[in-house]
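In what comes next, chain A is part of two complexes: it sits with chain B in the first one and with chain C in the second one.
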Partner chain A sequence: MRCVLAPLACLVCIAAAAAMEPAYTPRSDGEVLERLTTPRLPGMASLSELRNQWLAQPAHLPAALDYARAALELHRRDEDPRYLGYAEAALRPWFDRPRPPPEVVLMRAGVRVARMDVAGAEQDLNALIESAAPERHAARLTRAHLRLTQGDPAAALADCQTVAGSVSPLVAASCLAGARGLAGDSAGALASLDQALGANAEAPLSIANAAFIMAAELALRLGLEDVARAHFERALARMRAAQTTDPGLLAAYADFLLDRSEAVQVRALLAPYPRHDTLVLRLALAERALGLAGDATAVGAADEHTRNLVRRFRDMRLRLDTTHLREQAKLELQLRQDPKGALRLIQSSWAKLREPIDARIYLRAALDSREPEAARPVLDWLARTGLQDVRLASELAAVRAALPR
Partner chain B sequence: MEGHAGLLARQFSRLARELGRPAGLLLSFVLAACGQGSDGPTPAKMEGAASALQAEGSRPATKASAMSYQSELANYVAAIEGAQKSIREQPDNSLLKLETVTLYIERARLTGNYADYRQAELLLESAAAQTGPLSKACIAQAQLHYALHRLGAAGAALDACPASVAPELVAGLRADIAFYSGRYLEAEAIYVQLVNQVGTAQQYIRLALLRSRMGFPGEAAAFLEAAEKRFHGRSPATRAWLKLQRGVIAFDRGRIDEAIALYKLASDELPGWWLVDEHLAEAKRVGADMAGARAMYDDLVKRTGMPEHMDALARVLRESENPAAANAWVERAGMIYRERLKSFPEASASHAVDHFLQFGTPVEALALARRSAQLRPFGDALIALATAQFRAGLAGEAAVSIEGVLKSGWNTPQLHAVAAMIHAGLGRSAEADAARNRALALNRLAMRMYPLASPVQSELGP
Partner chain C sequence: MTELLAKWVCGMVYWLVFGLSSAAAHESSTSYLQLRVDGSQVSGRWDIALRDLEYALGLDTNNDSALTWAEVRDQHARIGRYALGHLVLRADLDACRITAGRLQIADHGSGRYASLELDGQCPHEPVSLSLDYDLLFDIDALHRGLLNLEFRGSHTGLFSPGEHVLRFQAAGASGWAVFSQYFRAGLAHVWTGWDHMLFLAGLFLPAVLRRHAGRWQPAERMRSALADTAIMASAFTLAHALTLSLAATGVFAPPTRWVESAVAATVLFAGLNNLVPMVYRGLFWLAGAFGLVHGAAMAGALIELGLPPGNRVWALLAFNLGVEVAQLAVVLAVIPPSFLFRRSAAYRWGVLVPGAVFITLVGAVWLAQRALDIELAFMGWLR
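And now, the complex of A and B:
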């Protein structure tokens, strides 16, 4: 931490942190605290090489873009917010311009979404969509996905339909399927997407796996567990073959397995990812389940992971980082048995994220808090979108039963 | 971002134009690898060296020291006007028309103006209508078809050549056709034979350009130097072109300073030639001299009105304080490309690919790339096809295309850079790393110089 410009503030932070937990002092110089690897993406220079190239020519946009793009990709892979900072630092000179280059604006939108600055991201995306820059297609597609995460299928569908002719068939199919599924036509959406997946078997990894995940999600809404599992496993096989990490895929698959009480599989799946908050959460849930089934070592592991997550989330909030509210709510609800805390968190998150998984956490938190009325926004949203999801059925029935007629 | 077909493709296509031979002075070289690529309006390269050299000896020469691009062009204009006047006076003289055809082709190479190809075509048709198929016109006919990317028709024209036509002319053109058809071994065998049996500058150039695409840039540079030593003509355009080619080879090796030095030598030989200036501008851009590149592209657009220069200017403007200024140039370039595609569907397909890869839809770009690769299935066109396939989301097909190029013997930094990015996109890490290493071994800047546009995806990530 650099304490040059604001030493007092730094001291305050350090003091606050120290008050929360004593600093760890290594017992010797030989003690290994953490093994760091040089981050690198396949077929690309290492991040440090790209950084050096950028530092050699900090005013040269291609060098800055190469570095920032790699950092963003690594952020998606590792969920480490430091990478967002790297990207922002490289692109700062262009961010500060009144009219940044379109590639920079698109990348800034991605950074802003990752930081949950949805309003800022929308501003960037809208500016690109209204421009003649070729990036307008990616911007519209990004906005469509943003609308999906915001639970607005009609707006998403409009963007998907507009952009369909300017993107690859599988990207278009995924976008349209997402919108249709959220509007209640999961069966039709899944059929179309399966067809597109069959016709585009060798799409780029990121596109194919996004489609597989979407297909699995649609299948789960319909209760087609075997279909969902097949899609997950195809995506997982591709991810492993590529020796990369897709936290979204792993988290979604782990949730699926946890719902089916396959905690052993979850532990095996997620053990290699101790640095991903979203995955450690699922790992802790699996360990908790295993502990309840009699595995004593799992209990200790679950407790330790839970403590770590609590600390990480607390640190994030101290940094004014509002990401992972959903995960924190899930932690409070399922690991810390604090439904009221979970409800407050998911309510905050609901303002920005409205996906079926959020609705499920929201409903359960409202029920367990004995505040069914608090779930009204979810009921209204379901009525508005027409979403059908068998995973919500029991919570929905319970909430409706608990509400005054 | 540079469009997919990338710098290399554009460079090569320039080669086509590079071969321009100023009327009267004569640049009879052909540049084999020249027009390869995508951009140049003039693909033809290997024209008959013999006829060129003969022309060099027979045509009125201008003092080289006084030559500039403008004076060279003025010579062509005067020569064509004179020829047209003669045709009007002797409308039945088909040989005169054939000579004029050659002038039009040469001027097209110098200026990049497609209209001259149309004039050449009309004259050839007129001559044939008068006297029936002209066996003596076979070389001119073949050259014109070749320049317009009609390889089959060019080969057929050569088949019609009588025995009296110099065999090295026919052989050279056949080898050029083989090269652009992806039959590199066949082309090389003939080029080597021509070097050993004829040994003129032109034969060395052909071999140099082929070897430069086969992974031997040092050897290619040496062949070009040998060609320069063997060129004793007075044409400043030829001398400029030879230096330009050495610069292109240095550029493709990532030696930007060396390339700029050679380009400047080329410019000294024929000041004001847009072909040299566009290479200089590109080298400035890659070398991060954006202000210098922008000034040159601004000037080039005004001087040439070529869509390639409009696209290049737009790319620079997109990084400027006012990125929206690029839009008008992109739109204008797109209109010109669409017009060209109507008028010269074969010749303009490869040149338009770059534009549509960056500024058009994946579907448009893929259709053009497929057409181009069908017309001339050589390395650069197939790399552009792979690029278009990848952008269209057909990563598996793109990998198949790029593997085909790798197996063919083509060996350029751009090939390996594009292969690395396609493999990475497919999640084939080991293959991606290996391809990247091969690219960097040939050009330490390869990954930056030949970026591959990804398919349009959401910025929210997978």
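And now, the complex of A and C:
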């Protein structure tokens, strides 16, 4: 952690000197400065009600848990880190205890996962898994997915197999398919996941859509674009029917469309989400492609979105926040044409996140920087896992060709 | 209930699993604090997200989910009070007075911010500047404050719940200013540090009246009482100046818990020694040994304050002198009256014995607290 942060801390001195945005007085009294949403989840009290209950008795664990749970659920929906901060503030008194209750430990693990404190999260999850608490199953499942995002399919598979009998069939199938796919058997994984999806049509939205996204990702690794598109479309239809937002789905689908040069569709898909950095990044990429194709207004929009993202990433770096490294690498590589900068960022991120999307950014950044040697960790990882992904093929061939035999 | 729980567990698991790679989707809550300290004058600007202010204060008075300029402007005073209630700026030991000036709006890439102009005045030109920031930490543990400070040069800082006090030392303060501020810090440290005061009181009590051969024996002459005390005080002083200077300059770093426990043990001993005399000759050596312990403890305060670059020796000397003068003041306050009344039974049974019992008890409780790390609720005020 330290070694990642040290160079970042140096950047702090340079970047922080940047001037503050100018302040101004709005032109009219009625000017709307901020649209507020009333965070509410179906079947749950509104966040502010739960918050008031917590504020009325902050030392009462059930009230704190209800509030934190709602905040974490909202974080899942909106990916807004403020909700993580609310949950952590409510649970803080129990976090600081030597032996927090298991439900608090599970939430802390979740907060740590989201903040990419992998070591801290593993410590919490391991403690739960070794306990007899009912949370041990959720903890094992979480550890399985943590290991998947870290690119360790063997360890993930072991956890998925152990937990398979204790969770719903579709959750188990997704877990197993993720591990098998990463280990190279994408075809087998996709077949069994499709079967599970067919047999569990009534699964809750969040679980079904996670399975659809996983299936689409497996199909893309195999080059089955039509199959992937069908899965994305089904997930999207369900998301829209439920009038909710799934940023993970939108980002994955946008990446697929961008690969297919369908920038117009991406713009239409993402325009309603101006505050999701991951989505604004894809929107800017689409606008840039449209600009290159002759759409003059798209050029200005792309530039403005890029400037905003640069500013937001700068502030995150000043906060010593490392959760944005992958997205920032993508920005430097694809929007700002700075492959060397992208390479440094993805190298820092690679220690914690090793998914096919990271491998792709890494290989491209190494090639464009003319530092193919820097891509060794990716080649080693691919050899170790056995992952097969047609989207990596051309970059891989180029890197291998550039390396000395 | 079970159904709800099951539903939640599904959601939770989904959240845990898929929240991972996209935590960066939005910007976390951040405030931007810009300060300029010029002489004793303070000026600056503080930008706080309207969303955060709404969550903390409820600015949307007509509850229409749209925050207008009129709503924000009308609550200028409330916003100012709230913000300034969560920031303390200190010039050395003294708080500076800061007021909120004009309110404007600023854009920081992710939503609109209330931008407060700050104006202020410190009681004197700071040698060291400290900022204690705790805005929003109670409701959003991921909130951070980004600081840009002009104080004899440019500095930056990051406030977080784990690091909410930042200190800045800059070269360029005058020698006199360094001396007077560190001298004051030395005085304040003894006068507000109960453990040192109690130890000194316990140590000096036998100078006028000591238990010997089962009886209380008053000192014959004021001169000898003062001389005894002065020798002890000097030994104590020399010893603690030594450890204080070594620890404050980082030559050695004794573990805090041991040092604090040892200080408590000296208090316990000093109190007990008045009731059941164990040592009454050679107090000189004892005072020296105890001085080493207290010096190491006092260094903590100085380390916290920091030593100004370019003026380290000067600051160290001033702090030591401050500690010294404070101790002498304690001696001068305790010895002459106790000498005068040393033969009166009222003094003996009304002041000396209860005082010694009190010191002994407090020393014992501190020792238990610090060495065993146990918390005794009723002793909270003694920290």
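By our rule, the second predicted complex is superposed on the first by the 379 of 405 C-alpha atoms of A that agree within 3 Å, B and C clash if a C-alpha of one lies under 4 Å from a C-alpha of the other, contacts with A are read in each partner's own complex, and residues count from 1 in each chain.
The criterion applied here is as follows: contacts are C-beta pairs under 8 Å (C-beta built on N, C-alpha and C of every residue); 3 or more make two chains touch, one makes a residue touch a chain.
From a predicted model like this one, the values you see are computed outputs, not experimental measurements.
Shared-chain residue A:106: touches chain B and chain C both. Shared-chain residue A:277: touches chain C; no touch with chain B. In the superposed model, A:119 lies in contact with neither chain B nor chain C. Look at A:318: by the touch rule set out above, it reaches chain C but stays clear of chain B. Of the two partner chains placed by the overlay, only chain B lies in contact with A:241; chain C stays clear of it.
In the superposed model, A:36 makes contact with chain C only, not with chain B. Of the two partner chains placed by superposition, chain B and chain C are both touched by A:145.
In the overlay built on the shared chain, the residue A:25 is in contact with chain C alone; chain B does not reach it.
Within the superposed three-chain model, A:296 lies out of touch with both chain B and chain C [touch as defined at top]. Shared interface residues of chain A (contacting chain B in one complex, chain C in the other): 43, 76, 106, 109-110, 113, 138, 141-142, 145-146, 149, 167-168, 171, 204, 206-207, 210, 248.
Residues 4, 7-30, 32, 34, 45, 47, 50-52, 54-55, 60, 65-70, 72-73, 104-112, 115, 137-144, 146, 148, 154, 156, 158 of chain C are the ones that touch chain A when the two sit in their complex.
Chain A contributes residues 41-45, 57, 59-63, 66, 76, 97-103, 106-107, 109-110, 113, 131-134, 137-139, 141-142, 144-146, 149, 163, 165-171, 175, 200-207, 209-210, 213, 238-239, 241-244, 246, 248-249 to its touches with chain B in the complex. Put simply, chain A touches chain C in their complex at residues 12-13, 16-17, 20-26, 28-38, 43, 69, 72-73, 75-76, 78-82, 84-86, 88-89, 92, 106, 109-110, 113-116, 138, 141-142, 145-146, 149, 167-168, 171, 204, 206-207, 210, 247-248, 251, 275-279, 308, 311-312, 315-316, 318-321, 323-324, 326-327, 353, 355. By the touch criterion given at the top, residues 1, 288, 290, 318-324, 326-327, 330-331, 358-359, 361-363, 390-397, 399, 420-421, 423-429, 432-433, 435-436, 447-448, 451, 454-462 of chain B touch chain A in their complex.
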